[in-house]
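Look for chain A in each of the two complexes below; its partner is chain B in the first and chain C in the second.
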Partner chain A sequence: MNEARFRWRTLFLLGYLLFALLPIYWMVNMSFKTNQEILASFTLLPQQFTLANYATIFTDASWYSGYINSLIYVAINMVISIAVALPAAYAFSRYSFIGDKHVFFWLLTNRMTPPAVFLLPFFQLYTTLGLMDTHIAVALAHLVFNVPLAVWILEGFMSGIPREIDETAYIDGYSFPRFFFTIFLPLIKSGVGVAAFFCFMFSWVELLLARTLTSVDAKPIVSVMTRTVSASGMDWAVLAAAGTLTILPGAVVIWFVRHYIAKGFAMGRV
Partner chain B sequence: MKPINQKAWWLVLPVFICVAFSAVLPLMTVVNYSVQDIISPDRRVFVGTEWFAAVMRDEELHSALWRQLSFSLAVLAVEIPLGIALALSMPARGWQASLVLVLVALSLLIPWNVVGTIWQIYGRADIGLLGAALAWLGVDYSYTGDATHAWITVLAMDVWHWTPLVALLCYAGLRSIPDAYYQAARIDGARRFAVFRYIQLPKLRGVLMIAVLLRFMDSFMIYTEPFVLTGGGPGNATTFLSQYLTQKAVGQFDLGPAAAFSLIYFLIILLLCFILYNWMQRVGTADREGAGHE
Partner chain C sequence: MQLTLEGVTKRVGAAMHLYPLDFALQPHAVTVLLGATQAGKTTLMRLMAGLDVPSQGRVLVDGDNVTGRPVRERNVAMVYQQFINYPSLRVADNIASPLKLRGGLDRATIDQRVRELAAKLHIDPFLDRLPAELSGGQQQRVALARALAKEAPLMLLDEPLVNLDYKLREELREELSALFASGDSTVVYATTEPTEALLLGGYTAVLDAGELLQYGPTAEVFHRPQSLRVARAFSDPPINLLAGSVVSSGIQLAAEVPLAVPLAAAKTLADVTERSVTVGIRAGALRVQAQPGDVALTGRVELAEISGSDTFVHVAAAVGPLVAQLTGVHYFELGAAISLYLDPAQLYVFDARGALLIAPAFPGAR
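Showing the complex of A and B:
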């Protein structure tokens, strides 16, 4: 009985992984082909194996600087999101105050605004402030969807920590900052890891805002990629190579937080 | 329960400032546009609720809204059960767990325009794996020519792209259930389904709430992927709300109506999320009370 269940589970899992990995395999496959081969024939493995597409990306500054720009604004965004979300999540998980439930839901509503709605206002706001085409502009714009999510996730983790720990620390004479950084933060570091991963992910893959707010100096990789569409047709091979490379930083991040996810969290409030 | 402390507001203040700057301020600009006719940057006329009335009467908008609703509900109906099943079948520990976690998460990390582009090739019958496989099976498949195929392809792409999010959240939720619960269930001789229904599902309520709301609001705002894959076609079978909005705002440069549309759009999402949020909370509470009686 148990054996059979185990087998069904494994089969289901393998089936899903096949479904999940086939498109990725196809992209990696394309990235080692020439454009001619991609468009002319159906081949499961590259017949004329080439690294030229990757060479294009690594030797052309306008390509690889795209990765650097993206990493910069994603990192800034991650740091700001977590830094402001930590105290707020602590407040929501530990205290009642006027309007706490409303503010919590209001925070979530900011995640419900379609980015398309914000394009023009952001453009005007950042032009006025002289922030256009800077990393900080994209990082600030992405706060709209990352801060609410970070607060939500961190609040869940914090609610899982018994309040007695705080009280004991205060009785022992800890000040709030000292308690927060030396005792509380280490307890919820898995929560910080998970929240950071989600912030990274949503900021890394977002295209619309990042493209609108940058032109040259802070141009992100997602918008550099749209360059492969030209009058002479698509440069599928280079696009596939660029796409393959965009997975790597995220894969590294998830490798670091995998233990935190595997440790588990349940949400307290909701 | 929790001590009342108004000073906690100070802790929330930084979030408040950030969100006010990056969300409230832009939203106010949109509100401002929505009641004006902007002929040129210096010539604006106040028109009151005229744009709202016009948008509400827009037939195309109605059909886009229905398409959007059915798409989002289909997304939830497929991704939530699939994500839960996936989380249940993922190994709990060891190197297999790490490996499977990373493999499952891969599709989340691909930029949205790349997702669309991969599927564009992937689905082509002559040079794509999916298209070729379907053609080999005898299915006359074409996402560019057939409206139903296009719709299903966009759905399949979304399932491929986002089910991992549901699965990761549920997986994390499952791992937080103490072993003692399972031992108690084993002593009681509980069946597999009973364990799921009365132990795992209630414990997953919190993460499922996040998963359902996130998937609902994000699928309601889906833009880049169908735009790249089908461009909204064939006809307008896959023109969802965001794309219709962008066509209006950028294509025709009708700032006033586009702003009014944006606000209505936002209010629809808000209302639906509010209903979902309250409904899930009620279901959860009823569950707990039911369990109390047993």
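Showing the complex of A and C:
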């Protein structure tokens, strides 16, 4: 009886795992094939294993600059988000001021709005200011979504630190900046990691704003990937290789923050 | 250091946390803030430290008005009920942090001072560990060491031993008493336990529901509570309170039990205009063996609790419910008839408004 249940559970989980990983497997599989093989036959493993697709991406500037552009604005966005969210989260967690709950909720509502709503105002504003097609433009646009999230996550972690630690530090004679950077920040470093991770994830996969606000100089990889249709048809293999490379940074970041995320769940946020 | 509070109040929203109080702290001595939870001990302590600003009134240090001056600019040390240390710093750095921040001390001096304090508080083997790697008692010792390192003229301890187990609490309390005695600081120590106040000695301030009821030498406050509320707050187990009325021979309790009062006390009673009084009997003043001159109070045993070396007997007496604290282990059958004896000289008598009329004489009384 027990054994049978165990077997069913195992089967179910294996089935689920297969279901979840199949698309990723298929993409990785395709990235090592030639276009011909993809279109002509159904093969579970590449028959003519090739790295040519990856070579194309790493040598063609129009491809690899897409990755560089994306990484630049994602990094700028992460740095600004955390730098802005830290003091805001500290204020929300430590002080009570008029309308604090409302402001906190209003911040979160920004996160609930679809990015498309902000598209037109951003486009108009950036055209006027001459910010179109720059990395900072995309980074700034993404702040609307990432700062509220970062504030929310960080506030949760900060509220888990007893206020008495702050007070003890003031009693001992710490100045605020010194306390914040030498005592407080080390205590919430996992929160900073989790917040940075979520900023990264949003900014990295966001397509609409990133594509609309850039054209050539700051064109992100997600946007580059949409132009693989050419006169000679679809370049499936290179597209698959590009897709595989898009997953990698996220996987690396998740690997680094995996313990912190578990902690974030335990602390009631994330 | 002389700390004085003048007409200080604290209001949070519509709730009054502290009613106006004037309080001149006894310098270079231990003052125990005694009161139940919610009595305002922590609020008062935070005002003394400068962590909070009073809603009204002034806080003076050596005659200098420091109301509203941030805690960073005052010289105080504080230990909380929770074990508060800097989790990311080693124990040694934790203790050293107030010394480092003060400046003007070289490394060797700081190091030596940290070692001295650690040795005094028996945490010297753990100097290289992080606070989270220590037991609760050791963590609180680290917090105490850090507070002592500052050598602040005002040291505040907010129920520092509450979160420790019984054995550790006794041990640490003894050590604290010794440390306070050797130091020159003015110490304020908040506790909910009357026994702790008695063990620490010094001075006691009784707080109840945001009011400062009485302040004076601990023994005096204990033996001469100015009011019923003080007696109630400063009594563990709770003081037995019985309704009585003044008659020519002394006091008569319910069920017509007469209590003769000592001659000196009788004079006080003669001046009382209102006839009804409240009689207070400490649980320890009741005994099961009669002695000459004792008054007998009869009743039935409802419950007998044996706590280590003492037995607490709850009795439904004719005069009302009573709790007697008997030394030693005694066994009682539930529902059995019992007579408790009381020396009338051990009576507290409060008038109808709760003010003290008669208190037993105590050694060293003025």
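Note that in this section the second predicted complex is superposed on the first by the 242 of 270 C-alpha atoms of A that agree within 3 Å, B and C clash if a C-alpha of one lies under 4 Å from a C-alpha of the other, contacts with A are read in each partner's own complex, and residues count from 1 in each chain.
One rule holds in what follows: a contact is a pair of C-beta atoms (placed from the backbone, for glycine too) under 8 Å apart; a residue touches a chain by one contact, two chains touch by 3 or more.
Owing to the predicted nature of the structure, the values given are computational and were not obtained by experimental measurement.
In the superposition on chain A, no contact is made by A:199 with either chain B or chain C. In the superposition on chain A, A:137 contacts neither chain B nor chain C.
When chain A is checked against chain B and against chain C, the one touching more of its residues turns out to be B. Legend: residue contacts after superposition of the two complexes on their common chain; A:172 is shown touching chain C, with no touch to chain B.
With both structures placed on the common chain, the touch criterion links A:188 to neither chain B nor chain C. In the superposition on chain A, contact is made by A:17 with chain B only, not with chain C. By the touch criterion stated above, A:78 is placed in contact with neither chain B nor chain C. Legend: residue contacts after superposition of the two complexes on their common chain; A:154 is shown touching neither chain B nor chain C. The residues of chain C lying in touch with chain A in their complex are 49, 51, 70-72, 76-78, 80, 82, 84, 86-89, 97-98, 101-102, 146, 150. Chain B contributes residues 1-9, 11-12, 14-19, 21-23, 25-27, 29-30, 33, 82, 85-86, 88-90, 92-93, 97-98, 100-114, 117-119, 121-122, 126-130, 132, 160, 164, 168, 171-177, 192, 203-207, 209-210, 213-214, 217, 220-221, 223-224, 241-242, 245-246, 249, 255, 262, 265-266, 269-270, 273-274, 277, 280-281 to its touches with chain A in the complex. Residues of chain A touching chain B in their complex: 5, 9-10, 12-13, 16-17, 19-27, 30, 38-42, 44, 80, 83-85, 87-88, 90-92, 94-98, 100, 103, 105, 107-122, 124-125, 140-141, 143-144, 147-149, 151-153, 156, 160, 194, 201, 204-208, 221-222, 225-226, 236, 239-240, 242-243, 246-247, 249-251, 254-255, 258-259, 261-270.
Within the complex, the chain A residues that touch chain C are 162, 164-165, 167-175, 183, 186-187.
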